[in-house]
Amino acid sequence: MTALLSLQRVTKVFGGLTAVDNVDLEIAERSITSLIGPNGAGKTTLFNCLTGLHRPEVGEILFDGSSLIGLRPDEITDRGVARTYQNIRLFGRMTALENVLVGQHLRLHASHWSAVLRTRRQQEEEHAARESARALLSFVGLHGREEVVSTNLPYGDQRLLEVARALGSQPRLLLLDEPAAGMNPSETDRMMELVHRLRDEKGITIFLIEHDMKVVMSISESVAVLDYGEKIAEGTPEEVRADARVVEAYLGPEVAVQETAGPASA
Amino acid sequence: MTSRPVTARAAGTDGRAALKHFTRAFGAAIVILVVWRVTTVGLAEGYPASFWISQALNGLVLGGVYALVALGYTLVYGILFMINFAHGEVMMIGGITGYFALQFALARGWMEGPWAIVVIALLTIMVIGMAASVLIGVALERLAYRPLRQAPRLVPLISAIGASLFLQYSVLLIFGVSPHSYRKPALISGGLRLGDVFIPYTGAIIFITSILLMLALYFIIQRTKLGRAMRAVAEDRATASLMGVDVNAVIVVTFMLGSALAGAAGVMLGFHNTVVKFNSGFIPGLKAFTAAVLGGIGNIPGAMFGALILGLIEAIGPSALGIPTEYKDVIAFSLLVLILIFRPTGLFGEVLSEKKA
Amino acid sequence: MALQSAAGAIRTGLVGFAFLSYLILIGIPGRIGGSALPVLALISALFFWLNLRREAAHHLARNPEQGLEGDEGKPGWEIGANADSDRSYLHALLTARPGTALALRGLLAGLTTGLLIAIVSGIFAAAMGNGVAIQPVLDKIVPINVAALIGVSPGQIVQAEVSFIRFLLQILLFAGAGTLAGLAVSAGGSNLTTAARSGFLAAHVSGPTLGSVGRFAGIALPFVLLAYIAWIGLPGVTAFGTNEGTVRLLLTLIATGSGLFALRLSRPGREQRIVAVLLGIGVVSMPFILDQFQNSVMGLVFIFVMMGLGLNIVVGYAGLLDLGYVAFFAIGAYTYAFLSAPFSSPYISGLLILMGISPDSPLLGYWMALPVAMLTAAIGGVLLGIPVLRLRGDYLAIVTLGFGEIIRLFMLNLGELTNGPRGILEISQPALFGMSPAGVTFGLLSSQGWIFLLALISSALVAFVAIRLNDSRLGRAWFAMQEDEDVAEATGVHLVRTKLLAFAIGATFAGMAGQLYAARQINIFPENFTLFVSIDALALIIVGGIGSPAGIVLGALALKGLPEVLRGVDEYRIVTFAALLVIMMIVRPAGILPSARRRTQGTDPDEAGFDDSGELMEGLVSGEQGAASPELANGEEEVR
Amino acid sequence: MTKQLRFFSLFLVAALMLAACVAPQPAAEAPAEEAPMEEAAADMSGKVVIASGGVIRIGGSFALTGPIPDPGLNIRHGAELAIDDLNAMGGLEGFMFELVAEDGACDGTQGTNVGNKFAADETIVAVTGGTCSGETFGLVPILQEARIPFVSPSATNPDITSADCDVCNRVALSDALQGAIDADFVVNNLGLTKVAVVHDNSDYGKGLSEIFQSGVAALDGEVSSFEGVQVGDTDFRAMLARVGADGPQLIFFGGYSTEAGLIAQQMTETPGLEETAFMSVDGAYTQQYLEAAGDAAEGTYISFVAGADSEEMNAEFDAKYMEKYGVSPDDLGPFHSQSYDSVKLIAAAIKAVASVDDSGNLVIDREELISAIRSVDAFEGLTGTIKCDGIGECGAGGVQIFQVAEGGFSQVSGFGME
């Protein structure tokens, strides 16, 4: 298994607070990896570092062998990294289809002149883009919802639409930030099934943040745990579940007093 | 920290590092150019120290007026997130009303009486001017802005522009096109001469009064129940209303406070520059708005310091750079651009969340 | 409650009084002449109708559960809560039937208005009679108006001969108007809900048969007007007396505007295409029909359409609030002026001599200068864009405003380059194949007509480009950026490039408009490029409906055309315009013809109610389905 | 669809209301001139034909809004009084005059609009205006094309009149004259050789200031600084402090009353300028200047272009003005007499060329009128004896220099004093 994404000593500091502290992580191609940790552990910050919203002070992020550090978010997306957001951030006044079309922005190359003149090539490209956007919407299960304005979609569908939009840029690595947050069990099941299909049918590597342990344990092939910005554990779900430091991080130090090496305080 | 929603601005700044470096380099180049120009041309002209002191005092007086008006912009912006474009006209109304009050007092000879009577009369004139501004400010809020609270952000802006024109030209129609000249009573004409520096009494009064009014405002906002309510509404209107704050009342009070300050500025400016007319609020209004943005709109100390800085730069800038004074507005606006390049939210600007902005 | 109801009526009356006072102030009654009284009564009836309807709707919105379907004698909207208040006879009457109640309220409102008008006009008349001059400006108009209002001929007022009977008549007329309005609101019979919600006009016009008649009438209207405009242009034909030119201009504006409505009313497909083609022919023939003044106004209107379309790219599509848009307009105008006017600055002449060109002769004709002006403006757009890329919202607004002022101040103060406040004179006219426009069209087209025609063609071109771009991936990127800049970037939108493209394209259009403006003006001065041009451009796209090209045309017609019609109102022109601007924003915040994308805010049926912001009109805005503008509709048709 | 219709009907109602408002002619005018358009249609090209009972319509472009509405209104009043006087004297062959006043807003765009409006109206015989030079530049090319002559009362830019434009005339004196005489007065009469020049960045003020500046330079004087301000500014202290640092003996201001008055006043508060003399130009020759300057006005110099006006004529005019408008003409601005004269001049030229044809119509040939204005000689106006030259300079008299003494202007030099 080759590592598609590799993080080396990534550190991000906000003011005096070290949000991500010296994290090393490898994500294998076509794997499903979860990132867990208590609230405020630095998970979303790590995602932001990966997608170029934040620039880590120290460390290296290699994607498919080349560095992502210092690239703009759109360049990183161009390399094949796409993401969703914890608090849904769709383009509210656009329809579902338009949202996905924006996702495809990088994969469309017709010049703006050709858009004015409506050249045959541009028309064909637009047509193809619309077709593939429809296909993506069907893939995530939003068939028939193409023309609905995205704020009017039900909550669960909005999450699915975010995934579809991310797929528009034809990513190799998909970062999902709490994809199942706020969903009811059946919606959660649908989302988990979608995540599997993404990996199995489209060959996309999945890296996700999740709070729901049931989801994490059932879906992940590998789990990494962050606490106060530090990676405190990594391994298969079973290994992580058994890790004393993870238990301590989740339940508090008084439960796990016997451990000598406590987490660094912020 | 990490799991709360990423605020838009914090996220944006890091990503566009290259751009940031570029604009910073651009800004630094301009700063270097300015410093070079000031040292080789402006200072080389050999103006005496008293000249610079006079100019600085002129600038502070100008800044005091801008500050009073800028506070109105910033207060309204802080709470409603709209630019009250007609605020300069609110100030003008104060000036015009003050003129008529002054005429009334002059006609009765109160301005030649003992100093105590003159002071009382002057204070009364100022209060009358402030009252008129408050009236107009509240009417503006009620008629032109309140119906538009839910509308997209540009709509109240246009409404405000319409209201601004309406006020200007209504005043023109009612009070005529000619400028009205304030007659300064003997008590406040002339000034203090310190060596080669001359401080007009009116200028000193403007500066001191504006500082006092600003302190009063700061006290109201920081220390009183009303101020707490205002801050609560500024923070989150919906939650504040759930907590039992009467949002409409708070907004009206905000307009009243801002308008009162503008009215005071209008009257004092009338005494200082001795002329008011229908459009004499427009340019100060624009400058005050610039000052408010310079300091970080929505931020009260920001508006004060932004205004003082703007006034100083306008007064000193052309001489320091050794260029004609008609470029003072160019200098003022360039300064604004420059500062916003380094601090995109103004000198004291806070990071607004996207929801509000 | 009776008290409450009466207070409401009096409030309506007070506002009505203010409204009518304003009409009197701007001199409307004097213009209507002897028939002022009944016409004003009709206007107030319309006003009361709107106001009562709104009040009724508010009550319904507040107490929705007390809907009136099938109620007997207890209409919910009057039963506030207090049962213990005295049940006077009046109260019983008021609550007996909504129709009666509303009519009574209308009567009361009308009485209030009439009484106040009578009192005030009495005071004025007495003052005038005693020779009191209120203000030089006011006393020119007020006596005439007051005289017309109380129904006497203007000369008589001097003797203050106003009879009590006339005042009584006036009060009665206004009271009647109020009653009429009240009855009209409740014309839906006992079913107040429908009556209040749809209003009597719509209830009658939008019936299945009448609806289609109304539709055809709407489509036919612009054509009828166009025919009429052509007809009153014929020698020997006059209309309405001396102000014929103004009437014709007004009709031209209405014809153009209603043409856009007609396009919306027509069914997409063949019908719409036919209407569009016919309208196009009608509009293009206008420069040949209109006289010089009308042509010059229409030329200016369409120059501002170009401005609006360009600014709409920056503000409407990309969401970047730009208050310094005039800078690019000025750059375009001055570029053309440099290239074509005899004036030449020492710098530019020096440059030319270096290049071996004689600096005396005008350099380039209109068409050769066009790309230069566009390019210069585009470069200006990029140069402005770079430092402001990181700014948002109001910070952007003030910086762009400052940029516009800086450009103007440079033009004013860099005398050697721009001739300072004395401007650049004798800018050459756009010629065609070396011939003057009159020569090309065999004398059919005046110089201003030629400018109008050019403005029409250019704005059509600009609209075409703007719509196509908005419909492409660039347009989607702009809109995404407007919605959420960071997510757009993370989704793959290159923010710098996309923003700069918006600035550059917007500036290019402004540059085109500026060049045409310079050609129209022949002489240009820095004062032509003040902040107010930016404000005008911004106001017209917002009044018209931001993001909607058809709305922008309407906005330009209303904001640049109507003030010229109101020229007769002299000093009151700007006040009237300003008041209309505020009222317009309150009544229809989304603009006259909102864009399709803006409709989405109210698609949720629960929201499309009677809230504070948009009262009933909000319903109109949110309810608009289907093709936003004909052009957009066509575009989408082709894609699907 | 129904909602669209509803809005559409509202739109229609509003439009009709508007049409109702503009349609009938203003009730203020005399009932004699009903629909002159119909009767007075120019059936012969190049001629204006006015049916009997019709009126002779003279256009007027005045700066009623914009930066200087006060002088604009004043000029309009002057023109209205001229029309009143003409009509009081029985008009022309029984035809009354009418002023068609439009707002030129002191702005080139509005000037163009107004020009086009006049050009489109075939009953407009001639035009008085525009108020500002910029506005007049807007009128020039359009009126030239439409062959409508105009006489501007107040546009003083030297470039307004030229050999190329045969419809362009003015009764104001070109700035070139005033600037040169002012310079001569300052250097030779007052003996002040170190002067500072300030202008208001209007075409008028800046143009005049530049002429003054070169005039001073030609007389071996020194111009210590040349500064600009904006029309509408009220605080000149920073600018004055800078000017004062050079220690000039006199400050010359090219611009209008309010700014001039404020500069004169704020000079007294500026170190280095307490003893400096102040001089301004005809734009500041108003009561407004005295009011704005207050006590500081005393001893300042103002130049003005005036003619050998008869005291009685002016007194009579002032009285009529006071009676009709309730203010003294000098309160609003300086050019009311020129405006009065421009209308009277036009009327005189019309009188020279107009003829009544067989059917009682008044016929005015446009080309003849254009040359008639140019050939006006020895017309007695308020500003003196007016004589037009070949490029349309009709200004009468010459430049006078006044000094403010005891709250009034008293002449100290210039035209009429020799």
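As written, the chains take the letters A, B, C and D, and residue 1 is the first residue of each chain.
The definition used in the following text is that a contact is a pair of C-beta atoms (placed from the backbone, for glycine too) under 8 Å apart; a residue touches a chain by one contact, two chains touch by 3 or more.
Here the structure is a predicted model, which is why all the values come from computation and not from measurement.
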Innermost chain, where centres are averages of C-alpha coordinates: C
Chain located farthest away, centre of chain D as origin (C-alpha): A
Which of A-C and B-C has more C-beta contact pairs: B-C
CA centroid of chain A to CA centroid of chain D, Å: 72
Chain centre separation in whole Å, for chain C relative to chain A (CA means): 47
Cα-centroid distance, chain B relative to chain C, in whole angstrom: 31
Overlap residues in chain C, where contacts from two or more other chains coincide: 136, 412-413, 484, 486, 489, 495, 571, 574, 598
Where chain D touches two or more other chains at once, by residue number: 65, 201, 228
Residue list for chain B, restricted to those that touch at least two other chains: 6, 11-12, 15-16, 169, 172, 324, 326, 329
Chain D-facing residues of chain C, complex: 28, 30-33, 39, 43, 46, 133, 136, 139-140, 144, 148, 154, 198-199, 201-202, 205-206, 211, 214-215, 218, 221, 235-236, 238, 240-247, 250-251, 254, 257-258, 261, 264-265, 291-297, 300, 412-413, 415, 420-423, 425-426, 447-448, 520-525, 527-528, 562, 564-568, 570-571, 573-574, 617, 619-620, 623-624
Chain C contact footprint on chain A (complex, rising order): 51-53, 72-74, 77-78, 82-83, 85, 89, 91-94, 98, 101-106, 108, 110, 112, 115-118, 122-123, 126-127, 129-130, 149, 151-152, 165-166, 168-169
Residues of chain D defined as touching chain B within the complex: 65, 69-70, 72-73, 201, 226-230, 232-235, 237-239, 241-242, 245, 258, 261-262, 265, 269-272, 288, 291-292, 294, 331-332
Residue numbers on chain B that touch chain C, as the complex places them: 6, 8-9, 11-13, 15-16, 19-20, 22-23, 26, 77, 83, 143-144, 146-159, 161-166, 168-170, 172-174, 176, 286, 289-290, 293, 297, 324, 326-327, 329-330, 332-334, 336-337, 340-341, 344-346, 354, 357
Chain C to chain A touching residues, read off their complex: 464-465, 468-469, 471-474, 476-477, 479-480, 483-484, 486-495, 501, 597-598, 600-601, 603-604, 638-639
